[in-house]
Amino acid sequence: MKTPTSGYQRPASLTDAAMHYCAGCGHSSVHKLLAEVLDELEIRERTVGVAPVGCAVFAYFYFKCDISEAAHGRAAAVATGIKRALPDRIVFSYQGDGDLAAIGLTETVHAANRGEPITVIFINNTVYGMTGGQMAPTTLAGQITATSPTGRNPATMGCPIRMCELLNTLEQPYYIERVALDGHGGMVATKKALLTAFQTQVSGKGYSFVEVLSPCPTHFRCSPQDSLKFVGQKMAAQFPVRIFRKEGVPVHA
Amino acid sequence: MKKPEAAFFSRVLMMGNEAAAEGAIRAGCQCYFGYPITPQNELTAYMAKHMPERGRVFIQAESEVAAISMVFGASVAGARAMTSSSSPGISLKQEGISYMAGCQLPAVIINVQRGGPGLGSIDPSQGDYFQATKGGGHGDYHIIVLAPASAQEMHDMTMQAFILADQYRIPVMILADGRVGQMMEPVRLYEDSPPPAPPKPWALTGAKGRPPQYIRSLFMEERALEKHNYELQACYRQITATEIKAEETETGDCEWLIAAWGTCARISKGVVQKARAQGIKAGLVRPITLWPFPHERLARLARRSQVKALLVVEMNCGQMLEDVRLAVNGAAPVRFSGYPGGRVPTETDVLNALIELTKTNHHGKVEQPAV
Amino acid sequence: MHERILIAGSGGQGVISIGKLLARLAAETIQHITFFPAYGAEVRGGTSNCQVILSSNEIAAPIAEKFDSLLVMNQQSTDHFMPLLDKNGLAVINQSMCKAHADDRHVLVPATEIADRLGNAKAANFVMLGVWLARKPLIPNRTVENAMATHFPDAPPALIDINIRAFRAGLDFSSSGDRKA
Amino acid sequence: MKKHFRVAIDRERCKGCELCIPVCPLHLLAMSTTMNRKGYHVSETVRAAECLGCIKCARMCPEAAIEILNVP
Amino acid sequence: MKKPEAAFFSRVLMMGNEAAAEGAIRAGCQCYFGYPITPQNELTAYMAKHMPERGRVFIQAESEVAAISMVFGASVAGARAMTSSSSPGISLKQEGISYMAGCQLPAVIINVQRGGPGLGSIDPSQGDYFQATKGGGHGDYHIIVLAPASAQEMHDMTMQAFILADQYRIPVMILADGRVGQMMEPVRLYEDSPPPAPPKPWALTGAKGRPPQYIRSLFMEERALEKHNYELQACYRQITATEIKAEETETGDCEWLIAAWGTCARISKGVVQKARAQGIKAGLVRPITLWPFPHERLARLARRSQVKALLVVEMNCGQMLEDVRLAVNGAAPVRFSGYPGGRVPTETDVLNALIELTKTNHHGKVEQPAV
Amino acid sequence: MKTPTSGYQRPASLTDAAMHYCAGCGHSSVHKLLAEVLDELEIRERTVGVAPVGCAVFAYFYFKCDISEAAHGRAAAVATGIKRALPDRIVFSYQGDGDLAAIGLTETVHAANRGEPITVIFINNTVYGMTGGQMAPTTLAGQITATSPTGRNPATMGCPIRMCELLNTLEQPYYIERVALDGHGGMVATKKALLTAFQTQVSGKGYSFVEVLSPCPTHFRCSPQDSLKFVGQKMAAQFPVRIFRKEGVPVHA
Amino acid sequence: MKKHFRVAIDRERCKGCELCIPVCPLHLLAMSTTMNRKGYHVSETVRAAECLGCIKCARMCPEAAIEILNVP
Amino acid sequence: MHERILIAGSGGQGVISIGKLLARLAAETIQHITFFPAYGAEVRGGTSNCQVILSSNEIAAPIAEKFDSLLVMNQQSTDHFMPLLDKNGLAVINQSMCKAHADDRHVLVPATEIADRLGNAKAANFVMLGVWLARKPLIPNRTVENAMATHFPDAPPALIDINIRAFRAGLDFSSSGDRKA
């Protein structure tokens, strides 16, 4: 790993394309960190990614690795298909909360349950970013969105789903962690989690899952800086930031 | 397509479903993803047993939606991949099929049709012709659709489907029915030496030694999707120009032309003999590729002066009927004899319909489906 | 040769099993064969049947309208399928489970009872097969007996044994000429 | 020997999210009053020579618009 | 259908999507289940705001599959229920639609079409005509398909859809496109007094005071599914006999007949005026019900002696084209002007296609789609 | 509740139709117990059930209450639609493990997460009964089925999914219990659980879920009696029999 | 006063699963050697008069084929 | 009257907002109106535009090929849409974001800078609207100002205030006749 004193260079695994994300969007941050991981593990040339349907659908414009689209919610199943066909490649899916926890929940759970040796990166930003800020499975209680105009009412719309906790009831996953992009510390933690997840796959250990609590300043309707606060305070209160599964063993809170 | 002289086994009694599975294996299918549904369960079970034995991939997916998505992934990775299901499960795959068509991904999809709509029944049906040929998914696309009528053809066409899929980068559907799938017949199996797959430079295998690439069906740049659609259409025109297949029986002098596919074609073949024995000059045209459809062949046959009328026979309420009428385009009357809801007609049923047709007064007017 | 056979009974009576066995064994000598099973919705119980066509010529329509042989194992099947027996056809009827008048075309056999006495009522299907094969020797008896073990690889030896004895009982029943039993 | 660093901010990549500003321990970054071609006010360095090379700003930048280069 | 003299608001500027939502609310829609997708998000958002305000049911479902299943449930319970989506989401609903058709359940489904296949684009398209009219789901079934061309019609037709659905116990689809959905226009809103729903003795509301009953599409009894299919077909014949709607513009003396639906019909209306200004006797026939399709009306128009040729205009690669050709049945040449992949043609595009048509030499030969 | 000394009569909520299930099938048992509950709570006339696609698809022939079919896996969503349209009716779904935990997992989880006030009866028999004994999400490790002919291999096919544990990570469910049809005691426990579940709904408390470990003698390939042993020993070892959620509060093992 | 019970087994509903047999504390049930119309060997009572009315057998029967009636 | 207007810029510049506002206000007096928005894939950034047609006659094709008015807010939009300006049309161009030659048909206005000076660069759209409305007084100025609060109910008062001031600055800019600014 680079030491601070060696400076910082734009990761080689990123293309030159300007990312289309809003200013301060967590997708940009995670893309950057993911590219750093591809660089550091030197796996860019043997990695195949799966982009979601969501704000990150254009991920293939930003990474210098092979990337496939998937139908909305099906990234884990598509990644399964790729990994089974090419077991020695590094395969990841990159998915939003609508994609992974709503329409694609079945595919998410079953890929984890089979212990597919893939890496799933889950961007939890509490909303459907791309379609204009609708309620997501992870929207907080009381949070106002385009489809919960008076705030999410848990009694009729449910409570925010905690995917790490849910997946942790399965036996096969090898590594599950939730991190929060809530500032500089969050960037460091997220990077570390992504690194661990890919290392898990590189060393053939099994399924890895990283949930990133991620800012969406546009639909949080606040500044990027305040978005980080929302992530670190409001979101982290509902979604505990910790390791849930380590080396195949559940870690209790 | 390779059709070896000396088959590996001379004859094996097999279910159509199993023959298709074995066909896929011998075609070099590397990945199979399925979900149980009657009447195709034997196919999935066969793959469950034989794919892992050969070190290939078998997954019982969590749903049909997952299965087609896994096929999508395996195809993205350049593997020969297949899924199979029956009517309701095929409906669930429509979004995925549209995606594969949009992404120009080869794959083989087997639909062993059962009675519908809804849960329907587990009896054989041909009720999914429209879905298969007109596009059950969204957007302008086509997939190649092959219609087998015997266990042997389940075997042959499944193998052929992989070749066509790779050649044109297109999903290919085997549109069978419960009868063909469940029936056991002696089958000559191909040699177990898979036809080589063409190079797949588009496949995502990691960007080693080449620029990174991607597979997508989303085209947001201005007019890019329009251009993409024209490219797809160009591919469809090429397939239409070269891959149409149909079979004719006793059409040389026929006055009464039956058009039927799959199981109904097989039954109608018997009917042609019986009709001729009664002095009715019957003939049969059997589209083997349902898409691309043999429009020109049908048109040519229908325009012959001695042809008095056509009878379309299907186990549905009139689906291929529309393609026949489009082909005939008013050149001869077209009548329909349909058997929906899981009913398989007998030779007598069809013969009676034919005899009735010969008794009707035809003055060039095309009849609407009578179902 | 063109023999159209229908075997029918309730799910669990093994009608599909013996149909399949018959088709497989016939395939060793007969050129054209189709076998078609029809299940009800029920895994056990309900009705199920299968059609086997054996022919020296290509089989165009793989669906028969009349049958040369009927093997019917319960009342419902008998009521349903007897009308489909060809006028020169042969019906083997499981008398244990259904009422039917014996006439020249009918062989009544208390197959379930015979099998029950041999230790497993479920072997009635093999009794039926034996009775039929004695009348229509389209396959050598020995072929059937030899095939039992290979065709039912999952069956425990004891069951195979009962099946073979049931089959022989069927053959014997037929040759004893006792149609009323 | 003290290392020297150069903070290179890609003006056209910067979206003006301001996330880099507060993380610099020496407050070396500030928002410019000028806009880039996309209309974003961009981040720029003040007292650039003081940079410690801690790369906190670069780590923080979502757009990977900041590079910290060693000046030999 | 009730069309009150004095509308509640005289004029409101509304998006087509919102106008449809408000139409549903005023039609007495009790339950709405949706899942976000562009370009119909305003519809879902409108319902999210206004349904709960009125004490009615709004659920953002976990997927389109769940949404159509919830609609199924609400309809089973006798409620007026609706869902909306756009092309990929509608593909996912195909199994559910087939089930609803099989179970004879009324419901309204809005498809605000976008470019396809696959993820395609978010631009307007008419690429789902086949899926909607021929049955994207499995089995022999039909749903009523209405094609609006303005925000006003989004409002009117949505209301009408509920009435038709209840009357015939059938799913009704509003086949709009992104243009109609996203466009704002002044809309006259209906009075807010829902048309009464007919009694629904078949609904499952608890077996109080009557024998228990069930709703199913599985028919395993012998030939029961066949019979059920004939009943469905009888219903479809009745709808075809009474509910076909089409609009004609300047067809009285027209020599060049444009056939177009939805947005393309509206554009073509402008083209007819422009063409006539240039001395080209153009006319327009616009199917309003896509299923049932106005086959006879088209046939009658095409058979008129002065009609020289037809031009089908669609934002796709030729889908309604097939129904037009089936209707015309060789009586006149049929040409196609298509705009796939999210492109909306301009009046000039269509006018040029029409002018080109007038210059072509027609000898009764029907052209294949030129896309 | 009837006392033993008052004898036992066939529940009035059952029709006269002979059930099509195999001898010793758990579906028959649960149908009977469910009918008893409808009788005892006197809710038959205001109950609407949803049948699955699975062996129990014909449930409507056996109960004297209104019942709807649902597409395979969608019973929870269909039940949601019914309950939302008719909030004062008692609505239940009755589903197999393929239906509920494979294809219908998303609908299952989200109905639970919204806390739909319905009762979900989950028949876990470790196989796809109706289609001929294929592997289910709940098939035990090593168990032989039509699609796991050499036994379920957790490494490639996953481990049996424990639905109660998974649903228990959600906040809204009010009552979750797993019982086992492993003999007479199991019958009593199952009856009690069903009663609690329906009482939960009758008193307007929220979502209730009963998982019944259930014999499928046909696909277990053993006698009904041995099937009960399989349930009580093999299955219960993988799927702990207990209450997971009581009055809205998670109960820990 | 001791209550008396009658065990009524519906022969045609019985599928011969034998689950009722072992649960009877008094071993009052046994499989018949005869079959019902569907071909199942059915359960029948032996020493019926001894029945305690504990309804264990009835509770156990999946088919609700057993009724336990009070005999007054 | 038949006025075809196209407003274009990047996402986040509020082109859809002012188009919608314009359409809504026009609807109070003008009989036939269509408004059509076109978004890019990006929630912020990227391009977006909308077309507004105001007409005293029924609008058949709701899609214009040439425009009587263009309001273009960035370079990309200018390059893309200027060719669609009718020969008698009027273009209002946000000079802060793009280069274009002023001629009789073009009004160049440093809208973003003006708005930035007023406290929020994002109010540039209202500057543009003001400039345009001064030239094409199809709606009374007061109507626009009055509508601000009602049409943007979620906007904080301070923002509404800036918007109104930006709008007025646009009106003034136009009347000052300073096309080069």
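Brief remarks on what is shown
By letter and in written order, the chains are A, B, C, D, E, F, G and H; residue numbering begins at 1 in each of them.
One rule holds in what follows: contacts are C-beta pairs under 8 Å (C-beta built on N, C-alpha and C of every residue); 3 or more make two chains touch, one makes a residue touch a chain.
Computed from a predicted model, the values in this text were never measured in an experiment.
Of all chains, G has its CA centroid at the greatest distance from the CA centroid of subunit E. Counting C-beta pairs in contact across A-B and across A-E gives the higher total for A-B. Computed from the mean C-alpha positions, the centre of subunit B lies at a distance of 55 Å from the centre of subunit G.
With centres taken as mean Cα positions, subunit G sits 61 Å from subunit E. Averaged C-alpha coordinates put the centre of subunit G at 86 Å from the centre of subunit H. Between the Cα centres of subunit C and subunit G there is a gap of 35 Å.
In subunit D, the residues that reach two or more other chains under the touch definition are 15. Shared interface positions of subunit E, defined as residues touching 2 or more other chains, are 38, 59, 62-63, 65, 88, 95, 99, 103, 118-119, 122-123, 216-218, 220.
Under the contact definition stated at the top, the residues of subunit H that touch 2 or more other chains are 41, 45. For subunit C in complex with subunit G, the residues that touch the partner chain are 10, 13, 45, 74-75, 96-97, 112, 116, 121. On subunit A, the positions that touch subunit E within their shared complex are 53, 57, 69, 71-73, 98, 102-103, 105, 128, 130-132, 134-135, 137, 146-150, 156-157. Interface of subunit H with subunit E (complex): residues 20, 23-24, 27, 31-39, 41, 60-63, 65. Against subunit H, in their complex, subunit E makes its touches with residues 11, 13, 38, 122-123, 150, 179, 182-186, 263, 266-267, 269-271, 273, 344, 346-348. If you check the complex, the residues on subunit F that touch subunit G are 4-11, 14, 18-19, 21-26, 28-29, 32, 35, 183-184, 187-188, 191, 217, 223-225, 228.
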